[in-house]
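So the structure is just underneath, and the comments pick up after that.
Letters A, B and C name the chains as they come in the text, with residue numbers starting at 1 for each one.
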Amino acid sequence: MSFLQVQGLGKRYGDAVALEDVDLSVRAGSRTAIVGRSGSGKTTLLRIVAGFETADRGRILLDGRPLVEAGTMVPAHRRGIGYVPQDGALFPHLSIADNIAFGLERNDPTRRTRILELLEAVELDRQMLERRPHELSGGQQQRVALARALARKPALMLLDEPFSALDTGLRDSLRRTVARVLCEADIATILVTHDQAEALSFADQVAVMREGRLTQAGPPQELYHRPRDRETATFLGDAIILPAEVENGWASCSLGRLAVAGGPRRGAAEIMLRPEQLRLVVDHDHAANGGDGGSMGWGRVVDVEFGGSVCKVAVTLGNAPGQPAPLLLRHSSMDLPRIGSRVRIHVQGEAHLFDTPLS
Amino acid sequence: MLAVTSLVAALALMPLTFVVWITVQTGWDTVVELVFRRRVGELLGNTLLLVLLTLPLSVVVAVTLAWLTERSDLPGRRFWAWLAVAPLAVPAFVHSYAWVTVAPGLHGLAAAVLVSVLAYSPFLYLPVAAQLRRLDPTMEDVAASLGHGPWRVFLTVVLPQLRVAVYGGCLLIGLHLLAEYGLYVMIQFDTFTTAIVDQFQSAYNGPAANMLAGVLVLLCMGLMGGEALLRGQERYARVGSGAARQAAPTKLGRATLPCLVIPLLFAALSLGVPMLTLGRWLAIGGARIWQGADIGSAILQTVALALAGALLTTLAAAPMAWLSVRAPGRLQRVLEACHYYVGSLPGVVVALALVTITVRVALPLYQTVGTVLLAYMLLFLPRALVGLRASIAQAPVELERAAMALGRTPLQAVRQITFRLAAPGAAASMAMVALGITNELTATLMLAPSGTRTLATEFWALTSEIDYAGAAPYAVMMVAASLPMTILLHIQSKRAAGR
Amino acid sequence: MKISRSRFVRSLALATALAALPAVALSGSVSAQTAPSADGITVYNAQHASLTKEWVERFTRETGIKVTVRNGSDMELGNQIVQEGAASPADVFLTENSPAMALVDNAGLFATLNAETLAPVPENFRPANGHWAGIAARSTVFAYNTGKLTQDKLPKSLLDLANPEWKGRWAASPAGADFQAIVGALLQLKGEAATASWLKAMKENAKPYRGNSVAMKAVNAGEVEGAVIYHYYYIGDQARTGGENSKNVALHYFRNGDPGAFVSISGAGVLASSKNKREAEAFVKFLTGKGGQEVLRDGDSYEYAVASGVASNPRLEPLDKLQAPKVKPEALNNKAVTDLMTAAGLL
């Protein structure tokens, strides 16, 4: 039973389409990440759910109650939806305590204890309470913003790129805190982000948006390994996309013959592999070795980029004259091949076949 | 450069020193007799009532107009924004000239408050509108998501963040209320400034005038102290780094028509009345009022005084501006405070000080162009300083170093980089000073060499003889001169807000 | 920083040189009209600017002597001359009323005028010491709103206005030298105690306006029933605008030697410190002579002509019918008046 239902949502700004026919459902207590490049409409979708903007078309139901429907719109302050914006947007004229308690009734007898509870939940020190927002670091500000949004015990929490302004290390720890806090409170959450790694690690449902449309939604693993199209594939991570001839669950391509998932299709198609499926073996003895049973191709190293723990090796596939660009493969910094040397490429697992046939 | 700055600061301290000196000279008994009397009490009451009524009303008017033009979908809001600033192009005493023409019975406190609000609320509108533009609308979204309705969001989130802008604007208006002469004379309302001029006209620089000036200085200081106290250490800068989203205009819906009435009414009262009155007097006066060499000579003298004054003021403010940007420190802050405080003094106090000092001590300077220019410099120092500081900050020292690294000599680097970058801002602050001088009345009346006739003094002389038709061309000239400055001010405030 | 400082000093010098340009232009344009040159005189003028302008234009046309005018009010300029002392840039002082002349004379700053300058002025229009001469006169009147007051309800004497029944009904311009001259006459005629109590009553009864024209406008608009002003504000407005500010106003002359029938004398004198005494004397002689007096008769000042036998403008109530009280103009003491008015809270 889905908790939040978005159906056929549409929004235009003048001639520009911001959202077109967007459907999305979110289960109670789940975590959804909406991911897309800037201008893809993800923030607009979030703002319409929050009630900050109006939709032109479509419906939104929260726990069966219509928030947006033809002709009616529940204003933001009556939706009971929590919201944490990009940089916290703490009220600069109020102390941290007053910021957190902003959504509480003014004469709530439990006010003080609630503030302390919340402060503890977001792992902040009590001595912060009387400070002003500008005296806090960016990460602390975001924690306060989360505490403030939690104070009213919302049924749904919207996070609008709340980690994007932070340093990498801080970002990860804060993301874990947020995930834990929201999970403990059993609050359904929608996170908007342009960072696909963040989306994949945070959510149990990822929705990809592009040019106002929701192109694909599902569990992170499925989206990562089975993207619907080339754009989604490259957006969610590095991808090796090769032209292939498909027949009976096998694809013939420049890497040789690979097993493909995706039904009994045949003919010319594009297949996708994630770089971690490919393993490069430096071919010292020129001996062909089947390795661990995966498929295998040959190539010649044209460039090596040292990068510490993980290095990149550019390889042209010798036996495919039509291959335009060299493949960029990951390799451990140990045992780096020399430029010009011949290498073997092992492929693990199945290649993914895009739904859309080659045009 | 420090020497020049200190000299200017010392000059700036002169009026204050004068008040203290004259108080000591007058003797305590006379001071008590002149200060603690019924008339002073009346003036104090009048002045305080004027300030206490005008400021809240101006805040209401300015915040309403600013919200409508910045945050609502009011039709033609760009146009209304211009009209909200435009009353600044009409000198305050031309406002009252228009009002006493339209409603000859308009006298006393109510009239003074009405005309003051119309003439001065743009001083509040500008910073409030700029702050509204700068405010992060996300905060309002967050407040709404926390269950606060639109009206409560405005009161608890938006309004508190306008506080600093409101205090600043109120201080500016309050200082104008204390310093203005012409407006209140015409509208028949006695304040300290009008009483000082009365005393001056009855007894020149007698002790009674000087003591009133002393009380007036205290009032100015009180106003500034009050503002500093209220403002405290507040800092409402945007927290966080992301670029602020532009606020989506609030849909007025059915309230659109009633809301349109507000800026329309303000424009009608603050612009319509002066323009119609001027038009009427010009029509009645016909060709007669434009004849004679008087207008030409008044324009010429005004332009000459305004240019020379603006240049002198800008040059005097330049070392301070340079130091405060390139070599800030404690001494620099003290000197800067001297530069700023003097601009808050009413023209009548500065003029009174300079009259007494020149006639008693520095007779060769008495009634010279130099003394008037000095008064202008003291009065408009802050205007020049603000603009210059900003424009010098436009040219960080790194740019000069980069130019020198590219083979420019230090002088070339300053000329080609710093001067080029600072020039527009310096020109703008010169223009602001020139505008102030063009509309200055009291100091010019009291200090100018015999035979000096500026647009403002001629306008004043003619209205004093109730030749309102004859005065109209001078008013038109002043408005015409002020218009470009007003436009500049509006554009500057928009740019300062980053849009 | 050291480099940039010296650079700045250099640029400052450059800018100062540039600043000199408009300053030079300024001194050109201003000093052409202001600085007293060898062939010109400086007049401190407290008379109506428009009247003095007419005088000066005619005088310069006749004599070729240039005149620079500094406008101000009686007491402002009078006190200013006293402050300036021997260094005063003024050659001639013109007033609307006598007290400011008395002030400067008592400070010993006037030169004695020549006999032929004084001769055309009747003795009752000049002080006996010959230090200054009357050049024009104005009569105190009670200007009243014809819709609010009738002949029989008018005050018989200026002193009546102190009675409680006049509370809030009349106006004056207490800050002006004109009204202060009237109070000066009251002081000379009735003494200090009577004047002080009259002023105290006035503080309660009268509405203060700034300027006689404004007070008359208030009468015309019915804001008050009457105002103590001078006659020519009414006559001038009737003549110039056909009554724009006075169509509901009529004049009441107190006569009977009442303090309210006081005729105030405008004076002219040459400063002892003047370096252009010949030209200054010529100007005063012109004012007391036919030329200057004809300007009063023919122009639109509507002040009384007092010298050279020139008749006043026919619109005016004849001077000899005013039954003015006998007041010594040289003994009018404005300092005492402003002290009393300050004490009464009027200033």
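Convention: contacts are C-beta pairs under 8 Å (C-beta built on N, C-alpha and C of every residue); 3 or more make two chains touch, one makes a residue touch a chain.
Quantities reported herein were computed from a predicted structural model and do not represent experimental measurements.
If each chain is drawn as a node and touching chains are joined, the picture is a simple open line.
Relative to the whole-protein C-alpha centroid, the nearest chain centroid is that of B.
Here the CA centre of chain B is 34 Å from the CA centre of chain C. Averaging C-alpha coordinates per chain places the centre of chain A 54 Å away from that of chain B. Between the Cα centres of chain A and chain C there is a gap of 88 Å. Only residues 1, 3-5, 7-12, 15-16, 18-19, 22-23, 25-27, 29-31, 33-35, 42, 44, 48-50, 68-73, 75-76, 78-80, 82-84, 87, 89, 175, 177, 180, 208-211, 213-214, 217-218, 221, 223, 237, 245, 334-335, 338, 342, 345-347 of chain C touch chain B when the two sit together in their complex. Across the complex, chain C is touched by residues 1, 4, 37-39, 42, 104-105, 107, 185, 188, 190, 194-195, 198-206, 208, 297, 300-301, 304-305, 307-308, 311-312, 315, 318-319, 322, 326-327, 359-360, 363, 366-367, 369, 397, 400, 410-411, 414-415, 419, 449-452, 461, 464-466 of chain B. Interface residues of chain B, counted against chain A in their complex, comprise 136, 138-139, 141-150, 153, 156-157, 160-161, 163, 234-242, 248. Partner chain B is touched in their complex by these residues of chain A: 47, 50-53, 75-83, 85-94, 102-103, 132-134, 138, 141, 145, 148-149, 151-152, 154, 158, 164-165.
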